[in-house]
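Okay, so chain A shows up in both of these, paired with chain B first and chain C after.
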Partner chain A sequence: MLGYIARRLVQMVGVVLISAVATYALLNLAPGGPMTGLRQQQQGRNRITAADIARIRAYYELDLYLPIRFSRWLIGHPRGSIEFGGYEWFANTPVGCRQPVEKNIRNEQGKIETKVVGCNEYVFLRDLEGRKVSRGILLGDFGSSWKLLRDRPVSDLIISRLPKTIELIGLSTLLSLFLGIPLGIYSAVKQYSRFDYIFTSLAFLGSAMPTFFFGILMILVFSILPKSAGLPYLPPGSASAVREYAVPLLGTIQPDTLADRLMHLVLPVITLTIVSVASWSRFIRASMLEVLRQDYVRTARAKGLKEKMVILKHALRNALIPFVTIVVFSIPSLFGGAIITETIFSWPGMGRLYFLALGDSDFPVAMAILFITAVLTVIATLIRDLVYTVIDPRIRYS
Partner chain B sequence: MKRVNLVWMLLIAVSLVMSACQPVVETIEVEKEVVKTEVVEKIVEVEKEPSEVLSFSTPHPILSDVRVRQAMAYCTNKDEIIQAVYPFLSPAERSELVMDTFIPKNHWAYAGDGNITIYPFDPDKGKALLDEAGWTDEDEDNVRLNAEGEPLMLELLLTEAPHRKILAPVWQQQMKACGIRITVNHVPSTWLYGDTTGLARREFELTDYAWVGQSDPSGRTLYACDQIPTAENNWEGQNVMGWCNPVASQAIVKATNTLNQEDRKEPYKIVQQEFTKDMVSLPIYNHLEIFASNPNLKGFNPQPGEEYYTYNVADWEIPGKDTIVIGFTQEPASMFALVEQGVSAIIANSLVHGLAFSTVNYDFQGIAQKVPSTLDSGLAQNLDVEVKEGDLVYDVDGNPTELKPGVEVYNASGDVVTFDGTPILMKQLTVNYQFRDDMVWSDGTPVSAADFDLRFRIDCDENSGATSFNTCRSIQSYEVNDSGYTVTYLPGVQDPLYFRALMDPRLSNVYPAHRTLADGRKLADVPAEEWATLPEIAEFPIGVGPYVLKEWVKGEKMVFEANPYYYGGAPKTKTIVISIITPDNAEAQLLGGQVDVLDSTTLNTISDTMRKAADEGKINLYTLPGGTWEHIDMNLYLP
Partner chain C sequence: MTGQVDSIPISNDYPEEESPWKLVFRRFRKHKLAMISLGIMVLLFLITLFARQIAPFEVDEITVGNYFLKPGSVQETTGRVHFLGTDNLGRDLFSRLIYAGRISLTVALLSVLISNIIGVTIGAISGYYGGWVDNLLMRIVEFFLTIPSLPILLIISAMLLKNQDAIPIPKFFLEFAGKLMLLEVREARQAVLITLVLAGLGWLTSAQLMRGMVLSLRNQTFVEAARAMGGSGAWIIFRHMIPNAMAPIIVDASLNMANYVVAEAALSFLGFGIQEPIPTWGNMLSATQAYMLDMPWLPLIPGLPIFLCSLAFNYIGDGLRDALDPRLKL
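Then we have the complex of A and B:
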């Protein structure tokens, strides 16, 4: 078993590295990027010269070749010429281009394309000395934000959002488990009962309803309408209030108190929970139905076991195996957040942060989130495989 | 089985690494090969007739005909477009938004209805022009053909912004009614406004976008002949239509290089006459700026021409409440305004630093700056100076240049002359900017000359992280004193906005030189490259403005408390909170009473719910004609 885990850990490192290369390359090769719109600022007083553009390119490290940039992001190197045995090595190796030579070439469609065909002024390895660089994401340094928190550490941003996301997603995941599993089991055991029909229809509705629609509906029904009707209402969004507010029956609620935070949690948590309960319980129901038809369940019943015992001990345990896969993969979302729900309720979580980082081309922030999510995903996979052995004694790893 | 998996993984890994390295390989190594095989052939062609191959020199077969362009203007029903975009406006409000030239009707530089060509909605006139231009629709299928049987088809590029999704089909139908077939292509804004794509490379036939209005109409980079981006000039300029009208070009240069507002009206009139006659860019409408507020909020008064609606924040109050909440859908990235100049960040900064002046209704109104430093007030002088070879001057393109034979400059009488080595006379501006004497930092220290000096040193330091140094590069020398500074500009600098405090954005123009950092250093001793990373600058700056930033919970809120030392007197409200919300949640927060103010960066349109709430008196709505204007540019040339 230990050998298995060790082997898996090595594989995991490989997978994370590959995904890091892939996401980094995709982000950087996609059109757009941090320089977008700069030329549009040329009006009036803010005209930008070619020298300004070169300086801004250097700020975003766009003057370095992609593998060099990647390596600096990953491990914080190279950061200057390599000193070894009293000599400086590779000091004059070009690692980037400060002033690319561009040629305008007419392509087959008759459009003019600008191609980089050479370099007027190279950036050499020795030029990297003194340039600002992080210690590398592998050593836990996510670098500085480009746009969202200009020049301040990415970790500040993540730390400010993470607790809020864990609070929201954690609560709704727990609630979904507590509600989803029993509902699914009950529905399977009482298949084709009135409860099953009603519940299955509701679950279909719940999983078919887009979160953004559902969220807005909740705000309207539980916040805006009751407030204007003078009834008790819930706050329409944000994680806490900024000033005291009065709610009929509940009295005045002070900002940032437990009551205030709970009030703000209710709507987003319910929105997220309903969607997960709907899909998870349907999943449990289907997998329970499959198991309940198996011979060994009939055997268990035939040998006179109590129905409760048959269902909870014999059937459920096997029905849970596929379900574990789904649940375990909600671990990364504890970190990644729920983009749509967070947006609708102004929840200051990771999902919104990621969305903003992509929109603003703040690659250090987006990459940090992608990287951590990748790490969590491979960890979740490992946990899943280990949990299998606990649920199903037939599964053994060697 | 497992081995096969491993091989696959390795293959994927290798291919990923290869793909990541590809562009680099291309730029360094393949370079020679490319030049040898493909490009050399084309370069030979280039040498034969360089202008023909590379520049936009082939007139567009359809759009180069002025009759077609004018016909499109006659066929455009601007009122219908505005009604589609802003369905809640009355006809009178709609007509206020119509644009007929590049300057709004209520602006001092507007030429007047009688002085420009106005194209009223008149499809018959448009159709007649098209017939005349040889585009006829004999089979009446609403697609006109020319003599060769080619259809009158054009492609319209525009972004996916909601109002453009509404505008495009409406205009498409209007054109169809005149027999012009428009294919609409919505493209990502990153492509259209990209550094090397879209507008920057003139990759369009027709394109609809908006220029962000400025309090000064400028226009030099948009309409002058030397501002047409081409491959040869390294894509400099914003005259993407490729419009070169010598009369208009000279006039726009003059209009943007004259100090006296009265003297600028005539050249602006000429540009507008030519601009509307040639119809290279079809103006449609001014964007509406929408604000909404708690109906009990007093003092809140957003005005046209002033985008920083907090200019009078010290007067805001909600009777019975000590906190006002402003909803922001964009969180400031930093409180260091030099590196973060988004409107939201400047609004937040204006609370801490206060504005130097306001531009309500496009007019100067002093706040921290006492009076406009105009020539009439005696605070500014525009003298003739003799310049000789080697002097740093502004050339006709507005670039600081060392004077040597061949350089074109404006001489003292305003004519373009080519320097030939003999000294000439040029205009040189010297302006004294005066600020209030009672400016005190929120820690109680009075503002001193060192604070003004620090502002110059940091803002003009290339390591500060700022984007543009145009203002700094136009300065020959400056002197500071305890209540302001005197700037001597380079000979040739004739910026029409010279009378305004020059630090951009227009915050207080001072940095607290005396402030001690956590590590014991004085702010004045910290090198510029560190400034953007300093918490004392980026997160908790001190200022001379009406409020002090007390708390900033990232992603949630910024809490500002009244500054007891504010020179304008104690603000009426003790606490201002900026609450960071999402656009999708903003209206609900306003209707739910969690925020008191939503600004135009959040509100793009007025929903039915908002309109109803405003009718019932639950919120106040403000709609102002903004300076940003939507227009359709026509590319006169093929690439």
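Then we have the complex of A and C:
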């Protein structure tokens, strides 16, 4: 078992490294990047000089070669010439290009393309000394944000958003578990009953319902329509109000009080909960039906055990085994948030942060979230496999 | 005693043998909701197929001043009816909805085709050859299936939309897709990119499914016979295994149709999919969000078709599963 865990840990490091490379490549190999908009501004009145461009390129580290940039992002090195034995080594090794020579070339289709053909001024390893650099994401330093909170550490952004996401996702996950599991069990035990029929139809509707449309419907039904009809309503978005507001029957609500925050929490939590109850309870129902057909359940009944005992003790335990996967994989989403729901309800959580970071091309933020999510997913996979061996002795890893 | 066996009369009035597809359709018909869904989808496909003939207005025909007309308003100069009213720019919502349907459904259909072809091929290779190929492919598939798909989908389409020429797409394919979606080649590139992104992340489950089927078929006698007769790997896979694995793949494809309609709408809704002024149900829905305070019915117009399609394809998949193989569980 220990050997198995050790092997898995080594594999995990490999997968994490690969996902770091993949994340980085995805955002940095694509042509264009943060400079695209600037080049178009070159024609206007606020002309950007070559020196400005060099400065901005240095800010985004675009003047360094890709492997150097990647290594600085990953482990925070190289930071300057390497001192060893009293000498500075590789001080004059070029690691980037400050002023590339660009040429407009007509390509095969006859379009004009700008291509880098050489370099006027190189960046050398010694020039890196004194440049701002993170300690590397492998050490938990995600660098600084480019746009959303310019020059502030990405971790600040994440720390300010994370509690809101944990609040939202945690609450809805707990609610979905408490609702979904009993509903699924009851529906399976009473198969073909009227309850089962209605419940499975509703669950089918719920799992076919796109979240974004459902969220908008919730805002319509519980916020906009009752508000215009003068009925008590729920606020449609964000996590707390800015000013006090009056709700019929409930009175005036002060901003940022418990009541205010609860009011804002209701709609997104309900939206997320209903969607996951619909799919989780169907899952539980199916796996429960499967187990209820097994011989050992018949044996338990034949022994004369009470039906309650048979279902809760013999059947449920085995029916829940595949459910572990779903629960364990809510760990990454506890961090990553729910992108669509958070966006619709303007919930200031991680999902919305990721959405905003992508929209604004704030790559360090997007890469940090994606990377942490990948790491958490890899950890969740290991936890799942280990939990399986505990709850299901038939599974053994050697 | 043996004479008794001989004396069993061989009757000639056996019911005529039913073809397998007839049998499937007979069983499919029993699933009422699936039949209704099939009817709705056929209708939707027909409407979008004749989009040019049915839509009273052009996609981006703007009537100055006619902003936010109520459903059923009549344009005074030409007498044409805005069945569902107009949007913030005075464009006819009904016409846009039809053209959007054409694009959304085509994107979903192409994605299903591409992703199933990739998935079936990779799954079959993985399952048939086994060994390190299988190990490597399945580890990759598993890894991508565990990480949340929406962030990946968003980041890839965000990057591709910024550099639309990053992936070379053959011109004939762009023209073909453009004809299907009633778009110009330049606009079609966007839709094709989204299709490729959806298919590129969507083949994973079909590959797993196909691999499982191939593993169970590999030891069947007819495959053994084909191998004994000297059939090559490719021959056995394409001639014997894929036809025999068709049932779950068809079910998977129809459920995937629902997923792709929703995924494309979600991407366009979030602004990382097909962009305005090309209409899709997703970006139309997202555009209505700003005006839903005053016109609460507005989001329903593009929202309901998305929900309807998702529901219908789910029911059709359900019905097909029952019809193709009652024991089959996906």
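In this text, the second predicted complex is superposed on the first by the 380 of 398 C-alpha atoms of A that agree within 3 Å, B and C clash if a C-alpha of one lies under 4 Å from a C-alpha of the other, contacts with A are read in each partner's own complex, and residues count from 1 in each chain.
Going forward, a residue touches a chain if its C-beta (ideal position, glycine included) is under 8 Å from a C-beta of that chain, and two chains touch if they have at least 3 such contacts.
As the structure is a prediction and not an experimental result, all values here were calculated from the model.
Partners chain B and chain C clash in the overlay (superposition on chain A).
In the superposed model, A:F212 makes contact with both chain B and chain C. More residues of chain A lie in touch with B than with the remaining chain of the pair chain B and chain C. Of the two partner chains placed around the shared chain by superposition, chain C is the only one that A:L27 touches, whereas chain B remains out of contact. Judged by the touch definition given at the top, the superposed model places A:L370 against chain C, while chain B stays out of reach.
Of the two partner chains, chain C is the only one touched by A:S333; chain B is not.
Once the two complexes are overlaid on the shared chain, A:I224 sits against chain B and chain C alike. Within the superposed three-chain model, A:V266 lies out of touch with both chain B and chain C [touch as defined at top]. By the touch criterion defined above, A:T343 reaches both chain B and chain C. In the superposed model, A:Y354 makes contact with chain C only, not with chain B. Note on the superposed arrangement: chain C collides with the chain B stretch 183-191, while the other options among 21-29, 129-137 or 183-191 stay free of clashes. Applying the stated touch rule to the two superposed structures, the overlap between the chain B and chain C interfaces on chain A comprises residues 15, 31-32, 36, 212, 216, 219, 224, 228, 343.
Touching chain B in their complex are the following residues of chain A: 14-15, 17-18, 21-22, 24-25, 29, 31-33, 35-50, 52, 55-56, 59, 65-67, 70, 94, 97, 100, 102-106, 110-112, 114-119, 144-145, 147-152, 156-157, 160-161, 164, 212, 216, 219, 223-224, 227-228, 233, 235-243, 245, 342-346, 348-349, 352-353. Residues of chain C that touch chain A in their complex: 143, 146-148, 150-152, 154-156, 158-160, 162-163, 166, 258, 262, 265-266, 269-272, 285, 289, 292-293, 296, 299, 303, 306-307, 310-311, 314-315, 318, 329.
Interface residues of chain A, counted against chain C in their complex, comprise 15, 19, 26-27, 30-32, 36, 204-205, 207-213, 216-217, 219-220, 224-225, 228, 286, 329, 332-333, 336, 339-340, 343, 354-355, 358-359, 361, 366, 369-370, 373-374, 377, 380-381.
Interface of chain B with chain A (complex): residues 9, 12-13, 16-17, 19-21, 23-24, 26-28, 31, 34-35, 38-39, 42, 53-54, 188, 190-191, 193-197, 199-201, 203, 211-212, 214, 216, 218, 221-222, 231, 234-235, 237-238, 321, 323, 325, 331, 333-334, 336, 339-340, 398-399, 462, 465, 467-471, 495, 497, 504, 532-533, 538-539, 553-557, 559, 575, 577, 579-582, 584-586, 588-589, 591-594, 618, 638-639.
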